[in-house]
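Below: a set of structures, written as structure tokens.
You will see chain A twice below: alongside chain B first, and alongside chain C after that.
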Partner chain A sequence: MNAPAYNFAYLDEQTKRMIRRAILKAIAIPGYQVPFASREMPMPYGWGTGGVQVTAAILGPDDTLKVIDQGSDDTTNAISIRKFFEKTAGVATTTTTSEATVIQTRHRIPEAPLQEHQVLVYQVPIPEPLRFLEPRETETRRMHALAEYGLMHVKLYEDIAHHGHIATSYAYPVKVNARYVMDPSPTPKFDNPKMDDCPALQLFGAGREKRIYAVPPHTTVVSLDFEDHPFERYRHEAPCALCGATDSYLDEVVIDDRGGRMFVCSDTDHCETRRADGHRGVQPEALA
Partner chain B sequence: MQSVQEASSIGAAVIAAQSTFRRVMDATARPGSIEVIPEIAGAPAPLSQAAAAIALTLFDHDTPVWMDAPLASSEAVAAWLRFNTGCPIVADQAQCTFALVADASAAPPFESFALGTPDYPDRSTTLILQAATLTGGPELVLSGPGIRGTASLRVGGLPEDFVMQHAANRALFPRGVDLLLVADNHVAALPRTTIVTRA
Partner chain C sequence: MSMMDQPLLMTEGLGKSYGRQLGCRDVSFNLYEGEVLAIVGESGSGKSTLLQLLSTQMAPTAGRVCYRMRDGVTRDLATLGEAERRFLYRTDWGYVHQDPAMGLRMKVSAGANVGERLMAVGWEHYGRIRKSAQSWLERVEIEVGRIDDSPHTYSGGMRQRLQIARNLVTEPRLIFMDEPTGGLDVSVQARLLDLLRNLVAELGLAVVIVTHDLAVARLLSHRIMVMKEGRVIETGLTDQVLDDPREPYTQLLVSSILPA
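The block that comes next holds the complex of A and B.
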């Protein structure tokens, strides 16, 4: 008898049941943070333990998993998590957004439009959007219960008072289904509009903070703003140096010690797909 | 002492639970969609196959379960649930995490179950209602989160005042119960956010 060393997808069945029940309640109350009994995982907090536990609870043998970290399939975090599930669940993995059924992400939403059959799992460091305004959990919980979100508007107003515009550029607060204010995780605000009326189910897991929340498909997600200072997306005003894209979110890469820099797509799959289709930027050989 | 049938071997149970959960998750995320639950053997009547599969997937020692009279009067159902899930069976509707209702048309009023609190609206009952049909009943029109435009569901065997009860439940948001409707090996969901009207 050669029993496998792990249960399918690492977590034991009792833990999966507990997480699955939390996921169902999270979907039923869009944007509300459901407490769950987060487990220790074989990776440190901050490396996506919340996302990994959500993925482990939903993943099946027929799934195809994609993992991205800041848009990239090729960073240590993304590769490690992909290998973790290859080893413990034996699932197929991919870097191609359109081929994936489950996409675990750290800090980006893919550029390619998501589809009905896909699930996007976010790794979340601080799930409570009000935490830096009010440190007491009892108080933030009550503020959510009463939909008392004036403090968040004060914060955005202070941005305008200090900077002349809303300077919050990531983890930009949203209101889900006209009720709960939610932290979209530290995605750039460029990605916020992709969450609204998204065909895919979006699940959020915060391991250290022990919270799961969700946005069902085709649900309204509105970025908070003011009539005279409406929400604006932000991207560097440049085409991608590799593929020439003018509509994708860009990373700024310093390339020498004389102030040289280039802008490249943050979503590596999007950039590679465009280059394979023949699109070229001004420095297509920069990575060669 | 009667013997109780084990639902499935451990290895198969892991995959069956995952598969059943994903169908229930898809149904909850997309109210109105009808998902097919993998078949299981040995569920004692009047527990339906889909309700039994959901029980195996979501019930354990942390989830007090309440049952309606047709189920509660069956010693075989209680023994099967205790043996296969370890769930406590309770008589108080307001204390249960899950409610199993064999006769959906005679379901107790939704407000008699756990509704959650304003601070913890997730601490509410999920009702598993065994309906006569999910496709051959009077048409319900659904809208809300998870639904692109509107969806329709033809559930047979719901209480007369179901639409009114569900509207009252929705008005409690973020508190409220969530419903899983099952018939044979099919499941559909009506979470508390769904707006339900008669066609």
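The block that comes next holds the complex of A and C.
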């Protein structure tokens, strides 16, 4: 089953226990950033070292793993991480959302609704939502401890003052369980409402920053906003060119050097499933 | 006795030593609502240490500071929890730094700088926050059209006025000022002092102002405390102390002002 040189899922058992303790604490205090002794992984920081460690700690031999990067199952990062666990843990892998028990993601929450037996693991580059407003880590920790979150609204205020609307389109701050303000990693704000009352467990791992945080199943997750400028989802005004979906998050793809472009679902599994069911979009002229 | 007759801020035997080095020693005074107290003295006389003790940025090694909270109860500031202290600091108090960059968020617009305290106490209506920011910019004589500009684009005098607006937006009762006119040229200083004097009178603010500039003390303050080597050597009404100084050191200070 295993490649002989590795322990199951690459990390040694003591390291996995340490990470599991951090995860349990994170689940007990939703949205709170728990420090953990992040390890060197055989990939560079920024490629998902935090997510990989969390996945390694929770993976069992019976799990089925799905890895997505920007919603896609077939980008370099997703394929590498999937192969990594195929090799070191010998677990089954899939690209189908409904078949997976553990889904590691960067940027997206799958379009298909998540279920109770699933765990969504996010790769997080910067866990601290207050980082760019207050550079002192000692101060941001104190602000979390005392729930002083006025500064978060300063950021949204700036958006409205300069752009006329809340222009933050990803890493949009949320309040978890009416207590901690959390950065949902670089997911587009389109996905924010999916985090609220989600039946699946959501775990966040930041490898370089050595932090783990969590949103337990069925926890309230509220996107911050102003009374007169409420939170709004954002999506390109177009149907998917491949499957015709009008409710999924779209990627813009440039297709020639004359300004041609097409919009396609960012969630490749969702798009393929719809096409297999017979849904078709309207392809732009250039591809027809 | 009505509430107004009770002091807002009281200190008893306040002192701070840095190991063997003395910061300040045995300072006792009462400050009433609407009263402006100037603390003067040369560099190293302990005025800044005292200001930090009063504003709870530093813990004293002797004595205590008491403050009459908005609910009328006078409390020893050392017994406040950190959350209470920070809340007091950003609602009922203000702190004007000598260097506006210390008191402002230089990376966000002027409007957000003024609005920050409102958002910190739970305002979540953009329109109302902006309106309040606009009216405060007007009151400190900053053109409302500059509301979305960063303080980086402001002159020194404007930054200082912006810092004052940012502090006053929650209608505090007590303001600490550390050399508010330091580093400004004379005409800008005059305008700022004029503005401060009007605001203090209009809002009935209590102010503790630290300065080495006796002219600033004369213009703004009702009472004055002269410090030397960590001790208060003379205290009294500003005019009285400056026109008829008793202590030799105060006489020296007063006589070292260059005639205009």
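Worth a mention:
One rule holds for everything that comes next: the second predicted complex is superposed on the first by the 280 of 288 C-alpha atoms of A that agree within 3 Å, B and C clash if a C-alpha of one lies under 4 Å from a C-alpha of the other, contacts with A are read in each partner's own complex, and residues count from 1 in each chain.
Rule of thumb we're sticking to: contacts are C-beta pairs under 8 Å (C-beta built on N, C-alpha and C of every residue); 3 or more make two chains touch, one makes a residue touch a chain.
Keep in mind the model is a prediction, meaning the values are calculated, not measured.
Overlay on chain A: chain B and chain C fit together in the combined arrangement.
For chain A, the partner with contacts to more residues, out of chain B and chain C, is B.
When the two structures are aligned on the shared chain, A:Val254 is found in touch with neither chain B nor chain C.
When the two structures are aligned on the shared chain, A:Ala5 is found in touch with neither chain B nor chain C. Judged by the touch definition given at the top, the superposed model places A:Lys16 against chain B, while chain C stays out of reach.
In the superposed pair of complexes, A:Ala276 makes contact with neither chain B nor chain C. Once the two complexes are laid over each other on the shared chain, residue contacts for A:Leu146 go to chain B and to chain C alike. Looking at the shared chain after the overlay, A:Glu227 reaches chain C, while chain B stays out of its contact range.
For the pair chain B and chain C, the minimum alpha-carbon spacing after aligning on chain A is 11 Å. Shared contact residues on chain A (touching chain B in one structure, chain C in the other): 142, 146. Interface of chain B with chain A (complex): residues 13-15, 17-19, 21-22, 24-25, 28-30, 57-60, 62-63, 97, 117-122, 124, 126, 145-148, 173-174, 178, 191-193.
Contacts from chain A toward chain B in the complex involve residues 7-9, 13-14, 16-18, 20-30, 32, 34-35, 57-61, 141-142, 144-146, 177, 179-180, 199, 201, 214, 216-219. Residues of chain C that touch chain A in their complex: 82-83, 86, 105, 107-109, 111-112, 115-117, 119-122, 124-127, 129-130, 147-148.
Interface of chain A with chain C (complex): residues 133, 142, 146, 148, 150-151, 153-154, 157-158, 160-162, 225-229.
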